[in-house]
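Each remark here refers to the structure printed beneath this line.
Labels A, B, C and D are assigned to the chains in the order they are written; within every chain, residues are numbered from 1.
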Amino acid sequence: MKQLRVGIINVTGYAGMELARLLYHHPGVHLTSVTGRSAVGRRLGEFLPHLAEIELTIKGELEDVELAFSALPHKSSAEAVLPLLERGKRVIDISADFRLKDEKEYQRWYDFVHPVPELLDEAVYGLVELNRPRIPPARLVANPGCYPTGAILALAPVVKEGLIEPDIIIDCKSGVSGAGRTLSMDLHFAEANENVYAYALEGHRHLPEIIQELGGLNPALSPSITFVPHLVPMTRGVLSSCYANLLEGKVESSEKGKKELVELYRDFYRGEPFIRITEVPPQTKQTWGNNLCLIHPTIDIRTGRLIVISCIDNLVKGAAGQAIQSMNLMLGLPEVMGLEGLAVYP
Amino acid sequence: MKQLRVGIINVTGYAGMELARLLYHHPGVHLTSVTGRSAVGRRLGEFLPHLAEIELTIKGELEDVELAFSALPHKSSAEAVLPLLERGKRVIDISADFRLKDEKEYQRWYDFVHPVPELLDEAVYGLVELNRPRIPPARLVANPGCYPTGAILALAPVVKEGLIEPDIIIDCKSGVSGAGRTLSMDLHFAEANENVYAYALEGHRHLPEIIQELGGLNPALSPSITFVPHLVPMTRGVLSSCYANLLEGKVESSEKGKKELVELYRDFYRGEPFIRITEVPPQTKQTWGNNLCLIHPTIDIRTGRLIVISCIDNLVKGAAGQAIQSMNLMLGLPEVMGLEGLAVYP
Amino acid sequence: MKQLRVGIINVTGYAGMELARLLYHHPGVHLTSVTGRSAVGRRLGEFLPHLAEIELTIKGELEDVELAFSALPHKSSAEAVLPLLERGKRVIDISADFRLKDEKEYQRWYDFVHPVPELLDEAVYGLVELNRPRIPPARLVANPGCYPTGAILALAPVVKEGLIEPDIIIDCKSGVSGAGRTLSMDLHFAEANENVYAYALEGHRHLPEIIQELGGLNPALSPSITFVPHLVPMTRGVLSSCYANLLEGKVESSEKGKKELVELYRDFYRGEPFIRITEVPPQTKQTWGNNLCLIHPTIDIRTGRLIVISCIDNLVKGAAGQAIQSMNLMLGLPEVMGLEGLAVYP
Amino acid sequence: MKQLRVGIINVTGYAGMELARLLYHHPGVHLTSVTGRSAVGRRLGEFLPHLAEIELTIKGELEDVELAFSALPHKSSAEAVLPLLERGKRVIDISADFRLKDEKEYQRWYDFVHPVPELLDEAVYGLVELNRPRIPPARLVANPGCYPTGAILALAPVVKEGLIEPDIIIDCKSGVSGAGRTLSMDLHFAEANENVYAYALEGHRHLPEIIQELGGLNPALSPSITFVPHLVPMTRGVLSSCYANLLEGKVESSEKGKKELVELYRDFYRGEPFIRITEVPPQTKQTWGNNLCLIHPTIDIRTGRLIVISCIDNLVKGAAGQAIQSMNLMLGLPEVMGLEGLAVYP
C-alpha cells in the first residue's frame, strides 16, 4: 500500500521533525525526501538522533514526491511553494504564508510583500473540523497556527450559533517549543525555566488568522478580540482560556445552561475524531504527543459569562498532526490514519 | 536591637517556612518560637534542612512572643487567633479567616461557620499599598491571598479612578507551591510537570476577596469579575493577566493613551517600595524570592481594551513577605526592613 | 488478527497505564480487561483521561484473558500470580516478585516471606536481549526493573567478555515517574522540581537483581558493584553511567581501543531491534516514549577506565515496553510489534 | 562603613549578575562599577530587570575601584587582569585563567597560550576552606570552578588523611546555568527540558583543577580520577557523587566505620561557616541561592567503598558567593558577611 511518496521541506525545525516522526509511522504514505539547509548531506539520524530509524539523507532540494509539506519560515515558504505547484505537486504549508486571505495583512503583520498573492484565494485553511469539504480537492492547504487551532476550535460553536457578545478575550499558555528551534535568550533553559510571562501584547501574528476565521463563521458578529499569548516552562502544549459574555436570551446562565452548552458543543463536533468535549477542565498533558483537541465549555454563573478552555499539543494538532489530517483527506486516505496514537502520559 | 520576639504557628507549610527564612534575616525582630503539629519535638533544621541555621525546636504550642504569624489552614487559624489576642498578642493571619468582612461568605466559600465573627470587622486587610494607614495600630491583620495580591494591585488604579467598564477578566497562572504542601495527585511531580490547566472554574475561594477589595475602592463600579486560576509547572510565581474595556472618554486607546496609563500607574504607586511599573511585560522569575510586585499596564489599541499584567512570588509578596511588610508597620520598623533581597535570577 | 485477549492487573499505576497505552496500539492482541482497586467500576477514560479512547471499565477482578500483565506492588503481585497460572494463564509480572532466584533475598531486600518460592526457578528474567531463547515457552516472565535494564544492558558485553576488573560503579539518574504514583513529599512537585539528590545509599532494591544477572553472565568475575540511584526533575528517563577499570591486556586504553570497544558492543548487540550503540553520549530525551536502549561505551584514556552510558525511558524499555517485547515472543508475534514508535522529541 | 568600592567586569553573564545580586546586599562594600560589552550604556536594571534596584550604568571599562571581580570568559579574563594589577587593584578572577599552576595545561585544556604565565604562581586558588591563610594577603585570587568546588570539598578529608585507594570516580550532575548564558542548541529550553545526559567524556576542563588540588593535598596518593559531568533539567545546583575504595586498615567498612567517617568529616571542617556535614543524603535545592556546601560521607558496606555526596548552588558557592567569601578575607571583613542568606526553598 505504501506507494504515495511525500517529502518535507525543512525537516530540521520542530514542525518538520514532528512531521517526520509521524509520517514514519504512517501506513499510507512513504516519506522519501527531506531537506534542511543547515544539515545538507547528513544522515537524518545523525542530525536528529530520535529519527535514526528513518533511513534518509538530508538534501538541499526536495526529490520527486506526490505531496510536499513545507515547514520553512514564513516568506521563504511562499517562495518555495510556487515552483512545487507548477510542477504539479500538492502542498501543505505549515508556515503562515497562505493562511490570510488579504495580502495586505502580510505586510502589516509579517512585514513582507507576499510573493504569490494570486495563490491566497485558492489556498484552503486547513482546519479540518471547519473546512472538511474543501480539503480533499485542494492543491494547496495552509496549515493553521498552533494558537488559532486551539482558540478557533474552542469558540467556533458559540460564534457560529451567535450565542455571545462581540467582546472576546483569548488568553493562551504555550509550551516553549511553540516558539521554534531558533536560539534566543528568552528560550535559553535557565531563563525560560521557572518563569511565566505574556508577550506580543501589541498584537501577535496569529491574531489576524483568528479574526478571519471566527469572523467568517458569523459575519453578523464583528468580534472584538484580544488575544494574549503566554510562555510557560514546558516543552509542548497550548491551553487556550476564552472568555465572552453570553448574549441574553440564548443559553441560560445556570447549571441547566451549562449542560445545554456542553450538549451544544457535543452536537457541533459530533463525529469529529480529534475533538473531545470534556466535563472537567482538560490538561495539556492529556494531549501530549497526540492529535486531540480537548474542549471544556462552561459558564461562570455569577456573571453570565462563557468560559471555554481548550488544549492541544502545539506540535501535533497545532502543526504536524493537523497537517497529516489534511494530507489524509487530500490523498483519499482515512482521516485518522497515522494519528491514532494516545497521549504519552505522564 | 533584636528584642521583639515573634513566632510562627505552623511553620511546616510553605508560608510558614518562608516566614522563617525571611525572619531569620530580619534585623529588627527575633524569631523565638515555632509550632507545627506534624513535627513536634524535632529540631527545625532536621525537619526542614534549609532552615538548619535557625536554632529552634518545633513545639506544639507557641511560646511567649509579642507578635504571632498564624500559617494554619483556614478555620483552624481562626480558632487559634482568639486566645492569642486575648493574651494581648498581635497577630498576622496568613490564612483566609479574617480577610472577608461578611461572615456568611465563609459558609459559602469555605464551608464553615466562622468561630469568631466579631473579629471580622476589626481585622485589617493587609494589602499595605492600599491600606497603609490602618496597619500600624492593628491588633489583627488578615494577610491577603496570593491571587488577590497580584490581581488587586494590577487593577486598583483603574478601578479607583473609574476608567474601566465593569466586565473584568482575571486570568492567573500560578506556580505549584501556591497549592500548598498537602499531598495530592494533581501536585505529584510526574502529573504536574509538563502540564498546564485551569481549575476552580465554578469559582475559586480567592474571588470574594478580590470582589470585596476592588469593590471597596470604587462603590460606583459594581464590577462583574471572572477569575480563573491556572496551575503551571514551576515552583513559585503568580502572573495575573487582567482584561477590561476602557470607558469611553477617559484614557484614549492610542500610543498616547498607553503612555498616560503608565504615568497614571506610576502616580498611583509613587513611593511604593515594592511596586514597580514596567514598560515591557514582566516575568515571574524577575520576582523569584523577593517582595516585589511588577505591574505592566497597557492598551490593546485595536479593541480599546485595557490589559494589565502583574507578577509576584506567591510565597513572598503573595504570603510571607507581605506579612512581614505589615509586621514592620505594626512594630514601627522601616517598612522594607528584612525585605530588600533582590530576586534570585536565573 | 486481533484475537488474543490480554489483561492488566492494576492499570492505575504508571506501569499499568503505560501498558494500556501501548497495548491499545498493538495490532496483535486485544486488551479486554483491566483491574484497579482504587477505581473499580469507573470507565478507564474517566479515571485516566488520556486513555479515553479505550472502551473499558475498571474491574476488581481480571476477566478471561490468555495472558495477563501484573502491575501490582511487590508481594501483592506474587499472591495474584499463582491463581492465574493455576487457571492456565501466562503471566508477565512487572513487579520484582519473580526476578530474584534466591527466596532469601526477598526477606532481605523486600522484607516479606515469598508466598510462592517454588515459582522462582521457573520464572524467566525478561531481559530479552540476554534471555531471548527462554522467553517464548515461558509461563511466567519476571519483567526487569528500570534501573537493572539500563545498567545490565550497558555492562553485559564487557562483563561477559571478561574485559573489566571487578570494581564497578553504577550511577543512575532517573525521572520521577520511576518512583511510582504513590504520593510522597519527595515527589511533591514543589519539592522535586529544581532538585537532584541521591537516595538509597545503603542499598537499593534493584541491586540484587543487577548482581544476579551480571554475575550470571560471567561466574569468574565476582563483581563488586556499587549502585547509587538519583532522582532528577523530569518525568521519564533513566541515564546510567557505569565505571570500571579495564583489565590489562584486553582492550587497549587508546583511541584505537575506543573504536574496538564500540565494535565489540555492536557485535554483541548485532540484530537487536531495540539496542542502538551510539558514537556520541546519548540523551534520555532521545528515547522519550519508545522502547530503545541507547548505549555509548567509551574509555577514559588518561586512566584506562571504561565508561558506559546508557539511556532508556523507564516506563517503556524499563517497564511496559519491555514487557510487551516479552509478550510478543511468548505469543509468537514479531518481537517489535506495537513497539515501533519513535521517540517523541522534543 | 560602605566605603570600599568594588566592581564587576562582565556583569552580563550568570556569574557576573549573581555577583551584583549578592554585592548589592553586602554591608561592607559598595558596588560602584560594572562593565559588559554587549550592553554598554544601558542601565543595569534595563538589561537585567531583577537588578533594577541597583542604580548603575553598564560601562565599557571599569571605573576606579579597590577590588575587581573579573567574570570574563577564559583568555579574555587573563588579558584584563594584568592592567588592573599594575594599577594596584586587587582582583578575584571568576574564570579559569589563574587556577592552574602549570601554564602548559592552558594549551592542553583551553587551547590558548597563557598571556601572563608569570602570574600563575602568585595567584591563590580561592577555595577558602583549604587555602584560608593565603587569601587575606593575596593580590590575585583564582576563584574555583563549580564542579571542582563540590568535588574537592567532598574528597579533601579522605584524600588528605590517606584513607582511600587512588581510583576515584566523580560523577556530577549540574543545573543548566552552569553552562553559562551563551546560547546553544543543547541549552535551548525545549531540548534541555526533560533530558539528562553526560558530556565531555573525553575530559572536562575542570578535571586538571581537581587533579591539581586533590593531588596537592596528599602527594603520596597519585589519584587516578575519572570525572564525568552531566546536565540535568534545572537551573541551579551541582550534586557531586564521589566513589573510591577504602584503604584496608583505615576506616572500617561497617556501621561503626560510617559513624567514624562522619566524625572525621566534622573534625576536618569544624568551624567552617559554609560546610555542613549531613547525616542523610543532601539535596541541591537545600542550597538554592546560598553559599553552603552540604557533604554526606558514607560507606557502601557490602563493597567497602566510600561514597561522598556533596551539593552546592553552582552560581553561589560554585561562583559568586565563594568569590565574595574570598573578598571578605582580602578586605579584612568577617568571612560570612553578605553571605548569610538561607536557601530559598521550595
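Going forward, a contact is a pair of C-beta atoms (placed from the backbone, for glycine too) under 8 Å apart; a residue touches a chain by one contact, two chains touch by 3 or more.
Quick caveat, the model's predicted, so the values are computed rather than measured.
J.: Any chance you could name the chains that touch chain C and chain D both?
T.: Common neighbours, chain C/chain D: A, B.
J.: When B-C is set beside A-C, which has more C-beta pairs in contact?
T.: Answer to which pair has more contacts is A-C.
J.: Using only Cα atoms to place each chain's centre, name the chain farthest from chain C.
T.: The most remote chain is B.
J.: I'd like the Å distance between the centres of chain A and chain C, where a centre is the mean of that chain's Cα atoms.
T.: About 36 Å, centre to centre.
J.: How many angstrom lie between the centres of chain B and chain C, each centre taken as the mean Cα position?
T.: 46
J.: Where does chain A touch two or more other chains at once, residue-wise?
T.: Where chain A meets two or more other chains at a single residue, that happens at 14, 175, 177, 190, 193-194, 233-236, 282-283, 285, 288, 346.
J.: Can you check the complex and tell me which residues of chain D touch chain B?
T.: For chain D paired with chain B, touching residues are 14, 17, 21, 24-25, 48-54, 177, 193-194, 235-236, 276, 278, 282-283, 285-289, 294, 340-346.
J.: Inside the complex, what are the residues of chain D that reach chain C?
T.: Those residues of chain D that touch chain C are 167, 169, 171, 173, 175, 190-191, 193-199, 201-203, 224-226, 228, 230, 232-237, 239, 241, 243, 245, 281-285, 288, 296, 298, 300-303, 305, 307, 309, 311, 346.
J.: So in the complex, which bits of chain C are touching chain B?
T.: These residues of chain C touch chain B: 14, 175-177, 181, 183-185, 187-190, 192-194, 233-235.
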